[in-house]
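Structures follow.
Shared between the two complexes below is subunit A, which pairs with subunit B and subunit C, respectively.
After this line comes the complex of A and B, so read on.
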């Protein structure tokens, strides 16, 4: 028995070494940094130990702004993107001609570079000396006034960020949902049809419960992904996100480490731990809810 | 409810580019199913029996022909308006619903004047559950049930809305041998109690013979024979039907008629048959053999299988199509296992003659 245990450990060594070195150790380190006040990574020194870092971060207006932005982003984009993706997938599965073409079109954003997509959005929304952007042209055409989406009011910028995020995360969700829909056994639909079930009731009582595990997977990963949003904001509003009031928590952490106001690994660590706590809590809540509603 | 099929035909487009033309799954079916009877659609795989069932349920539209339920033409009616109950081969129970919810599902679909109150629904569900004897399992999920229990739930779900016609697609194929015996009795009982015209599909001839009022033997989309099970067994119209019914299968010999004498090889089987001189198939049911030292047919003995009530004598003959001739003999008979030869007399009503070309049965008298 003991011999076999030793063998098992031997097989595990590469993975344990790798994960320990690159995952577990940094995680613990971040946790330790977050309690070390004024840690300097160059000299490896710090003044003292305590919760000052947390208190600083939680009172930093930039962090609070980032927190607010992130929460708004999460609350708007996750339900909306999942809902729209579900609609599109159901639509896709119910048409036969050109289905592959549509699937490809919907999947394009997934394989397109984030920054390239950001550029396209600039063209759509950015005000320049020559034009107000495509969307503003549309608004003007309907008789509205131009809105500066990139440097204008907060709600306009938030709208663009949410719009962009939804658009970027959608293809993956559509891909997963169409395959989930395709894997529902045809016989359930036939049985329901023979029993005279209406289309809407089939969707609500059979399709939705059948794909509920996939749906919850998408919601949970969606939440985690949205909480970690950063590159999307950079693509739209440039690197000085604090000035644009469009920073996210991850952006704040990055700024604290490398940004113009950077060089504060302790604050960054504290912010990272706060983010971790939030994501953990939300995921736990999600899992609890899903236990009640997801079948199997 | 009487069901009439009139020249019913279903063609599917051919996927194989090398072969021209459509695949004809069901070819020109015309027959009538009497009210309140239990019908077995019987045939080998791919003979179109499931397609026929789907046409009856309305899940498929026929290419040509008509279907009547009673006097109503339902050919153009979609599945949900036909009022049929359908039990799928894999039962298709909704895995996320309990037994009760599964059975209630069709009732909850009713609209308008047919809409039921909660109490009425519960009552009907319980009634259906009692009929199939699953009223103790109402709050379980399908995956907590055995195959036989799932089967009952599926039947209850099909019966709860009191369909005019009950369709069963290979209802017993997912059950083990013992459960199969029990369940087929059960299906018969339920059908008798409800009096609903029931059609079931099977490839197992024993299953079809044992519980059906009528069996329909099909092959390659064509109906070969319709009749009472015993009738079809005793008077098969052609060689296919004769081969398809009966276990062990019928023994087929190449034979010929010459001067009113029926020959298998050199042995004269019958010496005065009223058939013209020609080559024929001689098919003999396993129970048609009588062990006799100076019998008319001599075979090479290969072995004896003891089955308790009777024994099965296994032998070979150079004129026989089957790899081995199996004859079922009463266990009281003694067979000398060491002997090379064994001789049989034949029961004339168990011996059929079929034309070599058309494979149709030839009526003969001794």
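After this line comes the complex of A and C, so read on.
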């Protein structure tokens, strides 16, 4: 038995080394960093221990901007993308011909590079000296005035960011929801049809309760994903997100770590822990609500 | 007789309504399809417009009558696009390969071998799944910097290997293989490692393919870690390469050439997707995230 024990551990050595070195140790370290005041990354020294880093971050206007942007992004994109994905999935499951084609097309954004396709969105929305861009052309057709969506007013930029974020997250949600809809037992629908129940009522009383666990799973992962938004914003507005007023919490963390404004791992750690606390709280609230409304 | 007519009327009305609903459904689905496809169309279209004609269109045109491949030549000659692609390929292949070895070995230990503390270690592994990347990336950045591994493949690859979820996925799959096979192999004097290689891996091939594809997609599109750890152009991956193109290279003035680069970058995964469509979609449904 002793020999077998040793052998089993041998199989686990690579995984334990990788996880220990790049996950467990950093996890402990990030808390230590966040309490070390005045940490200097060049000399690796610090003055003292305390909560100054947290108070610095919470009073930093850039962080507050990032916090505001992230919350707006979350509140707009999570319900909208989940709702639209539900509509599309219900539509998809009600048709037969061409269903595979539509499903394939809808999945395409999942396998694209966020940074690369973000550039396409940028040129579609951008207003330059040579051209107002395609979207502005469409707006003009309908009698509107051109708006600079990339370097213009705050809400125009926020609109593009939300639009692109939804475009990026839709494939996953549609895929998960269509498979959830397909797994609802046909018998329920037949029984309801015999009773002459209206379609809308069938949807509300049978379909929704049956897929509610999936729906809540998507809402929870959607919240977590949206709180970590970053590369979508970089793709649209470039790496200097603070100047564009479009930074996100994750963007703030990386800016503190590296780049022109970087070199402050302590501030970055404090911001990362604040982010983690927010995500954890929201997830717990979600779970509490789901206990009331989800039928397992 | 009157009743007969009524039935027909009702039936006709119901059929018409169904047709209408169907029509609306197709219409709305098509609109979303256009929203999804249009950026792809636009990037291909722009990439074959000549520099002069693109810049002369104050109102962008939806088609071009004189497509050119000049932009693709520019994208490869004016910026090191080939270098970015090669770097990404090396990064993706090596990371995925190391990940597979690590995942297979530990999944095997959890599924097949018995040892003291197995459940405890497995629970600890699972709890690591909840740790967000943003929390550990800070220390990893400092570690890699202190080890002088910035701008090296080792620095890029090593922290990207870990994937607890795939260990879990494969362990579940391994555990489904009946014990009898193992005992039969033992009676024949097969070693554990040989059994893993000759029996378990072939049986669980579909899961392994799924894991591989998901990891390849993740590696090909990864942006944050490569950006933190490389500032030497020779080690850029496509994601930060394209960002560099945008801010200091082609993008400032030559949009068509930039779109050519975007097409080149997007193509490999799109082709992979069209080949393995069913596998990828099933795999993502089982274990994918994003969004």
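Here is the rule we go by: the second predicted complex is superposed on the first by the 276 of 296 C-alpha atoms of A that agree within 3 Å, B and C clash if a C-alpha of one lies under 4 Å from a C-alpha of the other, contacts with A are read in each partner's own complex, and residues count from 1 in each chain.
Everything below uses one rule, namely that a residue touches a chain if its C-beta (ideal position, glycine included) is under 8 Å from a C-beta of that chain, and two chains touch if they have at least 3 such contacts.
These figures come from a predicted structure and were not determined experimentally.
Peer 1: Sticking to the clash and touch definitions up top, decide whether subunit B and subunit C on subunit A clash or fit.
Peer 2: fit
Peer 1: Counting only touches as set out at the top, which of subunit B and subunit C does A:209 meet: first, second, both, neither?
Peer 2: The first partner, subunit B, only.
Peer 1: Considering only touches as defined above, state whether A:201 meets subunit B (first), subunit C (second), both or neither.
Peer 2: It touches subunit B, and subunit C stays clear.
Peer 1: Between subunit B (first) and subunit C (second), which does A:9 come into contact with in this model arrangement: first, second, both, or neither?
Peer 2: After superposition on chain A, A:9 lies in contact with subunit C alone.
Peer 1: Who does A:191 touch here: subunit B (first), subunit C (second), both, or neither?
Peer 2: first
Peer 1: Should A:119 be classified as contacting the first partner (subunit B), the second (subunit C), both, or neither?
Peer 2: second
Peer 1: May I ask you to decide whether A:275 touches subunit B, subunit C, both, or neither, giving the answer as first, second, both or neither?
Peer 2: A:275 contacts subunit C only, not subunit B.
Peer 1: In the superposed arrangement, does A:86 touch subunit B (first), subunit C (second), both or neither?
Peer 2: So A:86 meets neither subunit B nor subunit C here.
Peer 1: For A:181, select first, second, both or neither according to whether it touches subunit B, subunit C, the two together, or no partner.
Peer 2: In the superposed model, A:181 contacts neither subunit B nor subunit C.
Peer 1: When both complexes are superposed, which of subunit B and subunit C contacts more residues belonging to subunit A?
Peer 2: Touched residues of subunit A are more numerous for C.
Peer 1: Rounded to the nearest angstrom, what is the minimum C-alpha distance from subunit B to subunit C in the superposition?
Peer 2: Across the overlay, subunit B reaches subunit C at a minimum of 7 Å between C-alpha atoms.
Peer 1: Can you check the complex and tell me which residues of subunit A touch subunit C?
Peer 2: Interface residues on the subunit A side: 4-5, 7-9, 11-12, 14-15, 18-19, 21-27, 29-30, 33, 41, 81, 84, 87-88, 91-92, 94-95, 98, 102-117, 119-121, 123-124, 130-134, 137, 167-173, 175-176, 179, 221-222, 224-226, 228, 230-231, 234-235, 238-239, 250, 253-254, 257-258, 265, 268-269, 272-273, 275-276, 279.
Peer 1: Quick check: in the complex, which residue numbers of subunit C touch subunit A?
Peer 2: Residues 22, 25-26, 28-29, 32-33, 35-37, 39-40, 42-43, 46, 55, 57-60, 101-103, 105-106, 108-109, 113-116, 118, 121, 125, 128, 131-132, 134-143, 158-159, 161-162, 164, 167, 192, 217, 220-221, 223-224, 227-228, 238-240, 242-243, 246-247, 251, 255, 258-259, 261-262, 265-266, 269-270, 272-273, 277, 280-281, 284-285, 288-291 of subunit C touch subunit A in their complex.
Peer 1: In their complex, what parts of subunit B are in touch with subunit A?
Peer 2: Residues of subunit B touching subunit A: 57-59, 79-81, 84-86, 88, 90, 92, 94-96, 105-106, 108-110, 157, 161.
Peer 1: For subunit A, which residues count as touching subunit B in their complex?
Peer 2: These residues of subunit A touch subunit B: 185, 187-188, 190-198, 201, 205-206, 209-210, 212, 295-296.
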